[in-house]
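Same chain, two partners: chain A is paired with chain B first, then with chain C.
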Partner chain A sequence: MSSMELKLTVNGQKIKKTTQSHYRLLDFLREDLDLTGSKEGCGAGECGTCSVFINGKLVKSCLVPAAKAEGAKIETVEGIGNPEKMSEIQKAFCATGASQCGFCIPGMVMAATSTLRNNPKASLEQIKEEMGGNICRCTGYQKIFDAVEMARDVINKEKSEKVFEEYDKPANSFIGANVKRIDAPSKVTGRLKYAADMKMPNMLHMQVLRSDRPHAKILNIDLSKAKKIEGVRGIVTCDDVPGIDNFGVFIEDQPVLAKDKVRYVGEAIIAVAADTLEQAKDAVNAIKIKYKDLPALYDPEEALKEKILIHEHYKTNLVKHIPIRKGNTEEAFKKADVVIEDEFATQPVEHAYLEPMAGVSYIDQDGVLTIVSPSQNITHHRHMMAKIMNLPIHKVRFIMSPVGGGFGGKEDMIYQGMLALLATKTRQPIKYVMTREEDIVSTAKRHPSRTKYKMGLTKAGRILAAEISMLADGGAYGCSTEGVMRKAAILGAGPYNIENLKMDTRGVYTNNTPSGAFRSFGALQTEFATESMLDIAAEKLNMDPFEIRRINAFVKGNITHTKQELNSASINTVLNELEKLASWEKGSPQSRGNSRKDMFSKDNRDACELGARLKTNGNGKRVAR
Partner chain B sequence: MLRYDNYFIPKTLKEYFELTSKVKDCRIVAGCTDMLPWAREGRGGDVFFKNVVDVSRIKELNVFKFGSKKILLGAATNYQKLFLDKKIRKSLKVLPQVSVWFADDQIRELATIGGNIVNASPAGDGMPAFLTLNTKVTVASFKNKKIIKLKMPLEKFVKGRNKVALNKNDLLVDFEVENTDGYGACFEKVGHRRSLVISTVCVSSLVKLNKNKFQDVRVAVGGVCEVPTRLTKTENFLKGKSIDENNIYVASKLDLDVIQSRSRREYRREVLQNFIIRSILKSLGKTNINETIQKFDNKIELKMEDAHV
Partner chain C sequence: MSLTKKRGRGVAASWYGIARTAAMDQAGAWAEIDDGGSAKISTGVTEIGEGILTVLAQVAADELGVKPENVMIGENDTSRSPEAAHAGATRQTYMIGNAVALACRGARQKLFDVMAKEWKVDANTIKAHNGEIWSEGTNYKMEMSESIHICKKKYGVIPVAGENYTSHHTGLDPVDGSGRPWQAYVFGGQVAEVEVDTATGEVQLLGIWACHDVGKAINPKGVEGQIEGGVVQAVGQALMENYELEKGRTKSGSFAKYILPTSLDVPKVTSKIVEDPDPLSPLGAKGIGEPAMVPTSPAIMNAIYDAIGVRIKSLPATPEKILNALKEKKQNGSRKFN
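Let's turn to the complex of A and B:
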């Protein structure tokens, strides 16, 4: 690899350093200067976690070759302030609670700084526009915009610095109170170390060879070329696993590295550790695998036919079926005034936490295998790891690094096993950071689902019976499918008192990307169907959508289909509150749309213009043509 | 991952050609906003070039010559300059409008017009706008130790999806565009996310009036065909006609067959037609012209004070 000498100024300091010729400015800052406040959320210019100033202009440093910065003045988040001496913007971010997971926050602080430097009086719209290149997955942006407006007002002396310290002193409860987050200063100044920011002496870099086949037998692996590559210190396959090789949140069915066959595109097969990331990449690219493709399953309906088996030894593709029965639906349908039947489908969804998966492993001075990673489930991981590595539990330690967003996506132990194998094999610390692309192909998604629904109601809108049957695509491995099916069955009928209910949720194996935990954990898919059914029913019965929900809502004392007696129920309070907040116009759904009286009012946005033809009428209002 | 052994930054055309005639295996970059995202999994993958030549600081690629008829823009001009420059905002109104829709401030700071055109993506936003400006580009090549410059219409330069009229080491030097002061202009696009690359449909239009008649109409579309293209039937139909919604409606239907995209054709036809109508209407200033830009005028005005013109 060739190197170059780079001279530039970073945060006011003159720097002269030899670096890799191909480094991007982001690599140079993080690897050579240890300025890890600039993060790599995507490496492709989309997210803004890497934003820095070059000669006063904000750019995304993942798109700037380091060589381009020769002679330039660079300013990173570390130059904006430190936890003891924060800028107004950083203080405001702390005050409004704008940093949640914090991974986007250094970039956000940079974008806010740029915005207010360019235009100290920026309006909210201008702030939104100029910060448009930075993504946050946690906050929904509101608190970030609040912070920038607060900082602007302080900078312009329209507000006193005191606003930064206006926290609540919660008397009885923290709920609803604005309390000081103790980790905020470390996040807004870029000082908090996420897993990818960590470095250890003699640390090696791990890269992974992944399957490009959905379903295939592994006939042969040729490592000869890869082993010869300079700097390669260890290569592991499933044969290196000393203990019982499986993991999973509910069912332990997934090997650390594919064994005999691959079950989805993106499945890990071989992991390599080398002195540098580049060498590890070269080694992975030099590995040759011979496959025999197997017929693959992509459709959960097909999976139920069991013609192709994903996990042969289970003799079925069914991961979990949760059947729940209450009352007698058949009898109840006979009494119903209307019976509605429909089908609903939802798609897989990526968590897109801004911090891609990353971890560091090492064997400590006492021989304890240690894994540092943003895992959302370290205790369970520790137990599984002890079994996989055939170690007593006290020889395994998990340290949870700050989680740069998880949303359920970091519950699966999908890379920690490889880190453990390589740390054990090489006795050197190992670091692994997924690229955004790798993270998207290999990690679990929200379960795609199909729900068949039958609902019987009286003319007055009371639900007499419902039959709900959901089929979910669990993908190649069990992950959280069992739990998700349970939650879907428990919550899917919504907060409604339904006397006669037949509920079935099934999760099956296919050769698709595994499905796993994701915020709401199964409730979303079935509840989406239930709520849609209620809207359809409201239309059929000419009723107000809120009203039909109120008629059926749980109240204190009801017994759910899982035989839980409710000693409180808040759905009616929530509905009333929502109705108020939405400025809801009462009436059946048929009275909505263009004829709605509240369209184009002051508080409402214009109707979507994309592709729609709107014109401006005499009063300056935008109306449909 | 993009890897290379050497990164050169020549400062003049002469320096550039001397370098590339000596050093073998040179790969050109400018803002790198297409190149770096391309060299990743699922697209180019791990890519190695022996030598990379950054052309963004070549003097001749940074020209800005302003004339009452023609304006010369260097190929290394970035989209943020098109967004902020006062003269451009007056005489080449359509360009700041492209910029509003183009990525975000940070990408625009790097992304060059040359890179955008050479990349020749069917969804690139620059080309439709430059087509409506009757752009002629200059290509420089090196023969017998001499720099040879060739001027050609943009339509000739872009030959197809990712295909342009450049031989190895040739350089796109500048864009000669027509000063369209006095024209109404509009650029709009539909994409998934504002600061994301892909346009599903984009339309650029320029309109000049003579009393209550269309004197000149120029409309170009992108995103729906291999190479962005002018809608000549629509334009010719309207020229000389009176300004009336019915004329615009009839004209909007004449070129819909330019749509080549296989997916969602009906949707694209409908969107495209609506877009053409709207674009012309907006150019006419019938509805609030430059709506998007007006919203940010404050920012632009403030920024323009320190932006060099």
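Let's turn to the complex of A and C:
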């Protein structure tokens, strides 16, 4: 790789430094200057986590070649403020609780700074528009907007700086108090180090060769060229695993590196460690694999036919079936005044945590294999790793690095095994950071589902019986499918006292990207069906949707779908409070739409009028704005 | 407002179980009242962004009588901190919060026993809050920093304790599914208000009214943050996100192809917290992380039906699906698309 000399000003300091010709400004800041407050969320200018100022203009530093910054004045989040001396915007982010995982926050602070520098009196709508290029996956943006408005008002002297310190100071108890969020200062200033920000002496960089086939037998792997590449220190395949080679949150069916065959596009096959990232990439590109494609399964209904098996040794594609049986649905349907049947479907969804998967592994001073990663379950990962590496459990150590968003996606031990193999093989620290594309293709998604539903009710709206059957695509590996099916089954019929229930949830293997843990874990899919069914029923029975829910709602002492007595059930209180909160106008859900009187309150945002929109011209014709 | 813009509202309810499903759940923690009236907590907690470190600092401060800003929480390290298991299943506040509370009670008792000897009072009269310790009904009162000094130097006691919290769950019967999957449940409901453009098929979610029982809310602003974030993830699920595959290959392999909610897509969220304390655990807190996003998608679909009379049963409700459904409704004459 060729190098170049760069002269520029960063956060007021004159810098002259030799850097890599291929570096982007983001790489230069992070790798050469250790200014890791600017994060890489996507590497494609889509997420805004790498936002910096170049000569006063907000730009995404992942899109700028470092050479282009020659002679420029760069300002990063580290130049905006530090935990000891924060800017108004950073203080406001702390005060409103605008940082959650914190990974998007340095970029958000930069975008907010740009917004208020350009327009110190920006309205809420202008703030939203200016910050539209920065994605946050945790907060829902509301507290970020609150922070920018608060900072704006302080900067304009419309509010005193005291608003930054308006926390609850309770006389008797801190429980129930809005106290200062303790991790906020390190997040709003970019000081917190996530796994991708860490560096160790003699650290090697890992890259992974992944399958481009959905289902194929691996006939031959040729590593000869890759091994000859300068700087390559270790290459591992499934043959390097010393112990029992499988992992998974519920069912341990996934090898660290593909064994004999690949089951999905994106599955890891070979991992390489080299002195530099580029050398590791070159080595991966130099590996030759010979495959024999196998017939593949993409549809869960097809998977149930068992004509093709994804995991031959299981003799079935069914990962898990959870049945729940209560009462007698057939008899109950006969007594029902109304029986409704319908079908619902949900799509696979990506977690899109802003921090792509990353980790560092090394052998510590006691000879203990150590993995630092933003894992959501290091307890379980340690167990699995000890078995995989054939080590006593106390010879495996997991350290949690700050988690830049997880939502269930970081429960799978999808890359830590490779890090462990290479650290063990090379005895050098190993670092791995996924690109966004690599993360999307290789990690688990929310289970797509199809649900068949039959509900029988009395004229008064009481649910007499429900039969619910969900089929979910678990993808190539088990991950959390078993748990997701269980939760979908237990909760799916909703918070309603139903005496006759037949519930089945099934998750199956296919050659699709694996499905795994995702916030709301199966309950989202089945409860979506139930809540849609209740509105369909309410319309048929000419009932208010709150009323039909209250008639059926659990009360203390009721027996749940899994025959547990409830020691408490607040659903009626919740519904009553919600009805008041939303000033709900009673009525049956018969597409009342614009005739309602309870809409247009100030608790709505303004409809967005940006982008490609239509308007009606004077002749009543619809034209582009 | 344009004739093609139709508004509507919908409601949906939800419930959720707290902590690990249909399996015993447990979490451990160590607590120490440290020099200067500070506190050290060690537990296998994972700050995933929800603010659990702040919640634990509040719990520890409350139980120990120190200031929340003087609580230090150690790193999560399987070789250095007690096991507290995973960051998931809406379990951290419930499981680790209660473990920290119990550990703090153990540490506090050691200090209180010493101070009872020092002041020659009954240990039950001793209270501590926000950096001060005193004996009720007497004039004895001092800074925590001073009392910890006495405790160590005069009595040779370090107030330290470790504890564990267990949530008793059982597996499900393999035939009829009966069992006790959780000991604590939460309930929620949301109303959605949407504007649908019948010319473009675009749905804008303008308002969400969210009401959630979270048990005792330890940090109400944190709860609100979870509701707002959950709602917006559900906006993605309901209206735009789709990880599309074609013969096992993704068509949405980057953020350019995978559409996420931005600042321009999100509704204003009005939250109301209902507190129905858990009767079985020391803190009475339950949880909010996952439950926050369960009712949003059906509330939006019910609102779309209210606005334009078409029911979307397959998520997400993209403009194409809305337009197709409207077309189908028109072809079916006055009959509602159902």
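Note that the second predicted complex is superposed on the first by the 582 of 625 C-alpha atoms of A that agree within 3 Å, B and C clash if a C-alpha of one lies under 4 Å from a C-alpha of the other, contacts with A are read in each partner's own complex, and residues count from 1 in each chain.
Keep this in mind: a contact is a pair of C-beta atoms (placed from the backbone, for glycine too) under 8 Å apart; a residue touches a chain by one contact, two chains touch by 3 or more.
As the structure is a prediction and not an experimental result, all values here were calculated from the model.
*Asks:* Report clash or fit for the pair chain B and chain C bound to chain A in the combined superposed model.
*Replies:* With chain A aligned, chain B clears chain C, so fit.
*Asks:* Given the touch rule stated above, what does A:4 touch, chain B (first), chain C (second), both, or neither?
*Replies:* Only chain B; A:4 stays clear of chain C.
*Asks:* Which partner does A:252 reach: the first (chain B), the second (chain C), both, or neither?
*Replies:* neither
*Asks:* Determine, for the superposed model, which of the two partners chain B and chain C contacts more residues of chain A.
*Replies:* C
*Asks:* Is A:499 touching anything from chain B or chain C once the two structures are fitted on A? First, second, both or neither.
*Replies:* In the superposition, A:499 contacts neither chain B nor chain C.
*Asks:* I'd like to know which partner A:59 touches here: chain B for first, chain C for second, both or neither.
*Replies:* Touch status of A:59: first partner only.
*Asks:* In the superposed arrangement, does A:176 touch chain B (first), chain C (second), both or neither?
*Replies:* A:176 sits against chain C, while chain B stays out of touch.
*Asks:* Just checking: does A:275 make contact with chain B only, chain C only, both, or neither of them? Give me first, second, both or neither.
*Replies:* neither
*Asks:* What angle, rounded to a multiple of 10°, is defined by the Cα centres of chain B, chain A and chain C, with the middle one as vertex?
*Replies:* 130
*Asks:* Scan A:337 for contacts with chain B and chain C and give back first, second, both or neither.
*Replies:* neither
*Asks:* With the two complexes superposed on chain A, say which partner A:129 touches: chain B (first), chain C (second), both, or neither.
*Replies:* Both partners, chain B and chain C.
*Asks:* Pick one for A:67: touches chain B only (first), chain C only (second), both, or neither.
*Replies:* first
*Asks:* Nearest CA pair across chain B and chain C in the overlay: distance in Å?
*Replies:* 5
*Asks:* For chain A, which residues belong to both interfaces, chain B and chain C?
*Replies:* In the superposed arrangement, which is not itself an observed complex, chain A uses residues 44, 46, 129, 132-133, 437, 610, 613, 615-616 for both chain B and chain C.
*Asks:* Quick one: which bits of chain B touch chain A in the complex? Just the residue numbers, please.
*Replies:* 1-7, 9, 29, 31-33, 36-37, 40-42, 46, 52, 54, 56, 103-107, 109-110, 190, 194-196, 270-271, 274-275, 277-278, 287-288, 295-296, 298-299, 302-303
*Asks:* Name, in rising order, each residue of chain A that touches chain B in their complex.
*Replies:* Result: residues 1-2, 4, 21-22, 24, 43-46, 48, 51, 57-60, 62-65, 67-68, 70, 111, 114, 118-119, 121-123, 125-126, 129-130, 132-133, 278, 281, 285, 435, 437-438, 610-613, 615-616 of chain A touch chain B.
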